[in-house]
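Heads up, the next two complexes both have chain A, just with different partners, chain B and then chain C.
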Partner chain A sequence: MSTDNTDDAGAVLVEDFEDRPIRERIAENPRPAAIWALGFAALVAVQFGAIAGVLVNSIPWGTLLGPFPPIPGSGSVNAAGQWVADLPTLLSRELVPNEGYYVPGEGWQETFLGLSPALAWAFRVVLVYAYAAAFVAWIWYAYVLFRRHYRYADWTPRDDVVARLRTHRWGQFGLVIVLAFVVMALFAPVLATAPLEQNIVDPYSNTIEYYDNGAGEVVETTAGDANRESASRGGDSNVGPMSYDNYDRFHPLGTMPSGQDLFTFMVFGARVSLLIGLLSLAISSVAAAALALFGAYYKGKLDLSFVLISDSVQAMPRLLLLVLLSVVLANTWIGGLYSGAVVLALIFGATGWPALWRAVRGPALQVADREWIDAARSYGQASTTTMRRHMLPYILGYLLIYASMTLGGIIVGVAGLSFLGLGVDSPTPEWGRAINAGQDYVTTSSWHISLMPGIFIVLVVTAFNALGDGIRDAIDPQSDGGGDADEAAAGGTGA
Partner chain B sequence: MSRLGYLLRRILLAIPVVIFGTSLTFLIIRLGPIDPAAAIVGSPDTPSAQAQYEETREQLGLTQPLWEQYIEFMTDLLLFNLGQSWVLSPGAGTYDLILTYAPRTLWLGFWSILIAVCLGIPLGFYAGLNPNTRADYLVSFGGIVWRAMPNFWLAIILLALFAQSQQYFFGFNWSGFLVESEVTGAYDFSDITTWDGFVREFKRVFPAALVLGSASMGNEVRIGRTAVLETINSNYVETAKAKGVSAKKIVWKHVFRNALIPLVPVITSEAFLLIGGAVLVEVVFGINGLGYLFFQAVINGDLPLVASLMYVFILVLVGVNILQDVLYTIIDPRVGLEEGGA
Partner chain C sequence: MSEQAHSQTGATEAPTAGAATDDETLIAVENLKTYYETDGLRSNDPVKAVDGVSFEIERGETLGLVGESGCGKTTLGRTLVRLETPTDGQVSFDGTDVSTLSGDDLKAWRQNAQIVFQDPESSMNDRLTVGKIIREPLDSYEWKTPRERRARVRELLDLVGLRSEHYYRYPHQFSGGQRQRIGIARALALNPDFVVLDEPTSALDVSVQAKILNLLEDLQDELGLTYLLIAHDLSVVRHACDRIAVMYLGNIMEIGDTERLFTDPANPYTRTLLSAIPTPDPTADRERIPLRGSPPSPQDPPSGCPFSTRCPMTVRPEEWDDLSEELWDRIDLFRTVLRERARGADTLGTRVRRTIGLDDPAADFEEIRESTFGDVTVPEAVAVEVDETERRLADGGEPAALAYLQDRFGSDCDTNLPAAHVVDDSGRTSRCHHHREDVAGLDEPTSARPDR
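Presenting the complex of A and B:
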């Protein structure tokens, strides 16, 4: 039996065809796979320009290839790459522009189909989420096709997990919100009402056009000047949610005290939060899994030393440790990467592993006591191979549950540090900074500045908790709330 | 193993944790790029400043090799020689600072635990006794959302609501209710023993305590609910029912007592959140407590004070941890004394 494909585990019939790789099974019945691949290609094709754009423009090819001698003809390769990157894409600001101005008598200019900026923007948002939904559905369809046409086993334990998740409404609610959040972060430039560079990072070097009623003509001004006139500072100076400012710019969530668009701020803030969350979770998950596996396999002194180390890290109040570390590391070279986001991820990873490790240590110790581990040992299998093949799959599920539940805590923690002025620095948007900016205006007409980011955070955190609940109930239906106490102890930074 | 032996073993195991945690603090502070001497006297750009800088370095012991600094650092702390503040309030002893700032944090922490316990546990038990009713859904969902709210955000919102209560609570004036009181600012304990003084300070701590206890209150609701549900469906409750024990007695004597067990770690683990989370709440409400002191010490580069405070926090948290394990063995005799280590 193949060892890599765990789907084979449930198969009862042990015949030679089971060893055939998936490639051959598809070759035997290529039709469903071909249809799926075609659909997938279509989905990728409409976004090809953007994907190529990331590859061509975001990766510093010049520095990467710098040491190598210039390849003949690289100029034309560059040109071709740029041409590919500039291909029209379905989800782009250029195809559905929402920035325009209203000329009395002539209607909206420069917006998509002459719609109002609000409608054009809403159309783009719907388009993005429809595309994302189609993409997710297509991936799900791949799983369905695989089960129907290419898997030999009629049933595997994983089917039950999926079936339990399909009836878990609370978990599904979490999944939907989490996906919406991820899409928000991925497609931030497309979802935003204005480009980040123009509206937030460097508004005084970018210009916008608007129709000046007094002069009766279209005038150009810098985005910075326009922002200054659209600031939300309570009282009369306010651009609330779902309203236009004097420059015909639509603000779905209103503006900030600096006049920047709050929605643009939020979508790019989602990007930074997600990046920090995932990066720090990757660090702490790898550390937690490695320590749990080695500790459970060798037990004794090694495990005890891990207990002591993790206890020591946990004996320091987490938020205060985060405060201390982010101040200490702020002025190092690493503190400057991505406005401090990278160093935050490292800090959260370095302080977050004990909680995760505590969650998977129990399961790891349990599985280490099974006969098959003894068998593998006496058979002479290398210890790391045993851990990877026979122990890791067992604890991965638990790791996933706790990782999902921790992610919400990390997002809150990052926001809390940024609120204190220690987290992600300007100009990179971060949700906690928006809350801080609106602190003085909560009871004024500009209440939206603090309230909206807070509601977003509550929603996302609840969703990650719900998703964790759903995965737990799906993987381990017996646990039924048994992990609540650990989870309460492990969760959150106290922010 | 006797309970005393267990306690001794836990304390013995805590010693390396304290030493290691303090060493980590030393590493973070000394190996980071912040120069404590420069933070105290400013950057040495003139000859006189240079001389003062060298002198301060000498005083702080920064001229010695790192391992000697480490040994001195550790022995000082372990002998409770906590030193003094250098930047924040130069010359003030750490003990004096802690004695000044700690009562405010303790007052805040005390009420945030009490309010959370008094509201969260009854709500959770109520939801557990009436499962799958509308009230249960309301309480459970409220607990989940309440727990997910970031403390600092909730603090801002509550601060605004309480400061302008007439506007939001149908004319109810919180500041003038019973006794005149401000919503923000440091606490004043000079007349705490009088009725007016007590009510005033309680009114002032209430919004902050509500915020700081929010996460644990959500946890208490959630865990209280599951705990009650689990005990209600257990065999001994069935037996008691079959024997004809009255419903009231079942609930009070058999269900609640056992449902309290899983709530113990929730309440004790709140100490962690209190010490850590107090920073944000104290900053928003303008309470200069321990968290605020630590935060100010960190951003002003008062590293000797930071180290001493961190050491005190470590001691408190390790102590709470031991207390929690011992409490466990008292409440629930089934918890093994042998395996409860680590």
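Presenting the complex of A and C:
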């Protein structure tokens, strides 16, 4: 409370309703927040090893710290870090192993609780999704608690958006599938039936054990040899969905023509698709939002120049550009990043912004004409602050809708390119390559190789569109599901 | 509002009789012009929204600005708070010229002059809480500490008659009148000297209008504010303003003391405007002066007096002095009809059709003639001119006919912008050629012209 207001008549009133930062509000009524924090800590704790593992092992500390002189005692820090990273986690292959072999009379060996590999794997999948569901629910619970205990406003416009989304079944369907897809990408190593390195990347350097019925003992062989024996190539040589191969390995979606496990291929492929989709959308969304805001705020020649630039970009044939650049950049350092996925993301991002920009330009121009923009100018608000505070929130919703709809298109586009052999290179799994690999066997008993990835793509793209529809209806109750969904989805299907 | 201003004026006038006038003037506007650039296909003329106005606003006074929609009053208000950049002229605020300020100087000055917008639905961002909306000007100037800003917002909410727990509500949750209070609180946040009220009550219910006007009046008393009240509701300005400026087509036609202007309007435009106010007494016999035609385009205003094309009291050239009032009126009407037709015919389609002879501009001339002059006796001298007009119309279309009529019947009204004549002892000024010494006054019969 400021001193110059204390003698004011209004000060008493003001004092009554003193507002405090959220920190103090929590301090006053800590119980709900503490319960939530405890639950959150528990959720993090069971996965602590994995989270630390990402920090310790995925970030190239050696390269980052290379230029600095070695810090004394860093060896023990490294060791401690490694120990933390190796802590057992709830969701791990080690805790719930599914790779084992069947010894007649003795049952399953080396699997979780002696369950069959199929059950052990299913248990792990259920565990992962249960954990993810709990996590999402807990985050939602934080919002509920905040609303109930700590928020001053008894109503905000966002409440209405949430309320409308709650009754939007189609949007919820999309949200569930999208979340499942994201979880699949995040937890790919845990969900996979076999490790990526062993089964797909370098099978001849990795060994597996199995019980040889003829010899009557457990023998070791390379994964590559085992793969060769379990290839799905139609006719008699086939390992279909939900079946075991001769090495007691369970294949939920069957195997590929190379004998690799299709499910492992799919979950790691989800990572590539998601990375390309999100990275390219991040690039094009930032560009689209910035151009829309500046163009709408300053109008005139600036806006016109943006129209011309976007027209020029859109006039370029995207597919040809993609083919050209992926060939030209193939042997450069950037072309090698993540087997070419980063280049694809950059190209999709650099060519995708005009479509997004056009979608949000109209709303941006509309909001720029509102009187509150004039009001902001009348009290000298900086132009960038005005754009951020008074215009961006109004176009963000549209951006989200169109971005989620475009994401499906990008996934289809990447799959299409990989199908043509131009996208993500081997050995990094990519859904389109799986479809390509199974193309010759569609009419044979190995039909699953193309069909399964196809169903996945259809489902994910539909889900992203459904989510976009849901968000749109939630943000703008007047809008009716129109043709824009198809239009936006069509935008990305260049390949 | 007016009482307060008067008493204040009186109080300051007494001790410092001579120098007082300079101190009291808060805003002096001189020959202000605000044009909007257009880039039409056929014409690049700018829209002359404000076309050379000069006036002063005294400290603590409320100046009303009235006029038809589209006359430039909102643009003038926006220019005074520098939401528009003037094309030409000066606005001196407390002695400094603010018309050319930019950058940091402009931002520093802006806290002195704020605006309350017409539409409370669109003048505030609905995604911010009321507290944030009112706080924004304070944030923008980094006024004191955030905590003091919040306290100031509560103080302002209290000041405009809202409750301080409204801080965390959203604009959606308020009625139109309450929202306008929020808009007023925001305008007052920085403690400005001058506030432009751009039709602050026109979007509100009548019962709420009075409350908002009373609030504005109280705030003026309390904070010593100076207002420019833009309105098209004449009863509102009469109630609230000390002085009134009447605007037409980018020009101020008459400006002066409210009561005097209402009881004895000097300018023909003010007269027609005031005659449009309905009277509660149905038996009262008042002459309503109808306005002919529609206002001219501000892109192409009349060359003389801006009101000349619709004025029912144009100055007559000497040679037509002996025409009856009624006939002169018909001649005016005749010109108005042709002017409206000229505007309607100024399209590409008509031009093409006329060029290839499909459309005869004089085809319905007899009808026009019949409807304008049918029930009056037309002397030979006038009939000749009308016949000649028909010929010109057939040959050169409306522009040629109008040029001829202007040549024959036109006067200073059509060619010269009238000066601002002082019309009474309170310093009221009015732009009309009738105020000139050598032209008959508005209420005098034509024959009373002094130079005859």
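Just so we're on the same page, the second predicted complex is superposed on the first by the 461 of 495 C-alpha atoms of A that agree within 3 Å, B and C clash if a C-alpha of one lies under 4 Å from a C-alpha of the other, contacts with A are read in each partner's own complex, and residues count from 1 in each chain.
Here, a residue touches a chain if its C-beta (ideal position, glycine included) is under 8 Å from a C-beta of that chain, and two chains touch if they have at least 3 such contacts.
Everything numeric in this text was worked out from a predicted model, so none of it was measured.
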Original post:
First (chain B), second (chain C), both or neither: which does A:143 touch?
Top reply: neither
Message: Just checking: does A:412 make contact with chain B only, chain C only, both, or neither of them? Give me first, second, both or neither.
response: first
_Is A:370 touching anything from chain B or chain C once the two structures are fitted on A? First, second, both or neither._
second
Next item on the list: May I ask you to decide whether A:155 touches chain B, chain C, both, or neither, giving the answer as first, second, both or neither?
Entry: second
- [ ] Check whether A:378 is in contact with chain B, with chain C, with both or with neither, and answer first, second, both or neither.
- [x] second
Larger residue footprint on chain A, choosing between chain B and chain C, goes to B
Which partner chains sit in contact with A:393 here, chain B, chain C, both or neither? Use first/second/both/neither.
second
For A:462 in the superposed arrangement: first (chain B), second (chain C), both or neither? first
In the complex, chain A touches chain B at residues 304, 307-309, 311-320, 323-325, 327-329, 331-332, 408, 412, 415-416, 419-420, 422, 432, 435, 439, 442-443, 450-451, 453-454, 457-458, 461-462, 465, 481, 484-485, 488-489, 491-495
The answer for chain B against chain A in the complex is residues 13, 16-18, 20-21, 24-25, 28-29, 32-34, 144-145, 148-154, 156-157, 159-160, 163-164, 167, 215-216, 219, 222-223, 226, 230, 262, 265-266, 269, 272-277, 279-280, 283-284, 291, 294-295, 298-299, 306, 310, 313-314, 317-318, 321, 342
In the complex, the residues of chain A that touch chain C are 1-2, 4-5, 8, 10-11, 13-14, 16-17, 19, 152-157, 370-372, 374-382, 385, 389-390, 393-394
The chain C residues in contact with chain A across the complex are 78, 81, 83, 106-107, 110-111, 114-115, 117-119, 122-129, 136-137, 140-141, 144-145, 147-148, 150-152, 154-155, 158-159, 164-165, 167-170, 172-173, 183, 186, 189-190
